[in-house]
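Working notes, structure below.
So that you can tell them apart, the chains are marked A, B and C in the order they are listed, and the count of residues begins at 1 in each.
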């Protein structure tokens, strides 16, 4: 379970460009929830993710995972049980390492990076199986440098790598936004499959209202650092795109988007 | 004919010793993507430590690991300054290099030679083989041993992590590893090798000078770039092999220029021209892009 | 296409290199390899003197010897490669001008037992070049003579300022000697160390503010390199500068009791000639210091600073002004 309690966040404090994003923001995500966050530009969607992961500091407030206070934990320590997929497919993999090397690296998360062989021969078959399930032909490209793959293939790999080792929390940061519609569809299906199979609590920020409606069991709409809509379970199922779009347009017009 | 062979052997010896320096720069510049100027200071550091220890009667073989330890400490300093004090990579290296200038002077003064003392080339028993062949065999052996050690290291999980940090430091963070710690590790290994190169140069030329580090970063960079560019299309050639070849080729070019009667003053412009030619023909200079071929 | 071009160029280069390496030393005339550490007035004078010294000893260039002159441009790795190529070419004799070049020459020559003759080394014992198949000439500064000269020209002076480079061993030893004998002439030495040419002008300012009566130069390459800048400031402040050799006096120093590097070179050439003729081995010849030092005066500079050159000095001195 993830809790954001009374978060206060000000960008560029003390300078001309000072902007207060969150005054007293709180959000709780329960176990096994698949939460979609939508909202206008600048509403704070991505900032929530960054605050959870520790990439940006906060003025006051607390972040708790499973009851444990991680507010003061450095970024890399938070990622022990958190996985993250970024919008830019290039950020989720190492371009100059091969597919096999990337998978080996991700597979070793949480274990010691000692002087034993980097690539575990016994696991190679397992990686091949996992990659073949993506349906992108990556299982035949294991010795190819990741930099020569397409954006969609890299993003699929990033998703797979993030969930290769057990994590409590998956963060998806507009991870289909940079892909073409067909590839985005593939990645979304994959995401859903992995989340359901591995029972990972997930938080997805997206611009695609349809995805927000079709996938997951909870939806939150943000505007100017506050929550304007929060539906989960059955209430979410009844929500239609029309209603969502209407509310979205309303807040967008408000802040001039 | 023997002149030709002797010249080749001499150049090869230089190429092999300086290949150790090229290894170090290969690690920081190519793998970690960190332009490390510490080497202009850690190179003479290795030589200074070697000169003073040999003059004090310490076994010349011991100076090799000791020089490496000193180099490692220099790399550690740069790493800490960069990671903990958040100083930019180039500046962190400059700070350490500048400090090392004074430190080297304190260790062994401005010049020191070890002419009347034994060095490792004197002490390794090789029968009646002439000194040039002895030096050749020893330097080639050392360079190849280190190359094998590095290649094996990069195949391990630890080595893979180092390569990962240079490629995508963010990804390493999401693997719950402090990428700063890994960068420091790379700097330590690199500068240990550079100091080892300094140690070998001191033993081979039997002298140390506090200014011998000037321009070594440029040399190392040129050697690495030459090697990588030339062997770009042969993907089975490892980066370490390319570094050794680059070092040898560069030393050959210098020797060639001297044979042709090029004035020493013009040697630096030759280096610049060489680097430019290699870069243009190798398109190595283009910025690394994460290829997003849709 | 690019690949073909680059491969062709590489091939041509390799062939040319091989040919150039092989084509050396076709002649049977003994080769003298001169390794000079860098281009510098004193070192250049030394080399020219060396060549003259060989001629003075009766040797004919082209018949008895040929010269292979290499300049290391103050770069230590190039200095090493020069020495090694001399050894590979089996030169008959190596001449190393300045300590770094002499040291690398000796290291490279040891195995083949090629004689090494050095010049312009201040302390050959400290440089470990006093035994083995090596000999040469030392350019140790005649410090007592310099102090005597200053005392004669400025009877009331008390403090002599000296700027030196901390990383030049010769300078550091010279400072130590200055400080030990200055008292005998009633002087105290104000020594200021610098690490780079860019610091020299500020060092001069410091000296002037400390009220030194005059400056004295060592054969310190870094400081001497900016002599013009130094003189501009000292002339303005009315402080005379004493040089350490002719070139500096020509440039505007009031006087110097110093070495003529050309003469030093001639002495060195004479030693080399002896070895080439087979009259003696390098190991048998002890190194020589320059016995004669010269006094050089720049009268116009001296007069501008209010120093009158007494007749007995003028008689001993060689005018350079």
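Note that contacts are C-beta pairs under 8 Å (C-beta built on N, C-alpha and C of every residue); 3 or more make two chains touch, one makes a residue touch a chain.
Remember, it's a predicted structure, so these values are computed and weren't measured experimentally.
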Listing by label each chain that touches chain A and chain B gives none
The chain whose mean C-alpha position lies nearest the overall protein Cα centroid is chain B
Maximum distance between Cα centroids and chain A occurs for chain C
So, in whole Å, the Cα centroid of chain A is separated from that of chain B by 42
Rounded to the nearest Å, the gap separating the Cα centres of chain A and chain C is 70
Distance between the CA centroids of chain B and chain C (whole Å) is 32
Listed in rising order, chain B residues that touch 2 or more other chains are none
Shared-interface residues of chain C (touching two or more other chains) are none
Residue positions on chain B within touch of chain C in the complex are 1-4, 6-11, 13-14, 18, 101, 105, 109-111, 113, 115-116, 130-132, 201, 204-207, 209-212, 214-215, 219, 230, 233, 251-252, 254-256, 258-260, 263-265, 267-268, 281
Listed in rising order, the residues of chain C that touch chain B in the complex are 2-3, 5-6, 10, 13, 16-18, 20-22, 24-25, 38-39, 70-78, 80-85, 87-90, 99-100, 103-104, 106-108, 110-111, 127-129, 131-132, 166-169, 172, 195
Per the touch rule above, chain B residues touching chain A in the complex are 153-161, 163-164, 167-168, 170-179, 288, 290-294
Chain A residues touching chain B in their complex are 74-77, 79-80, 83-84, 89-97, 101, 104-106, 108-110, 112-119, 147-152, 154, 162, 180
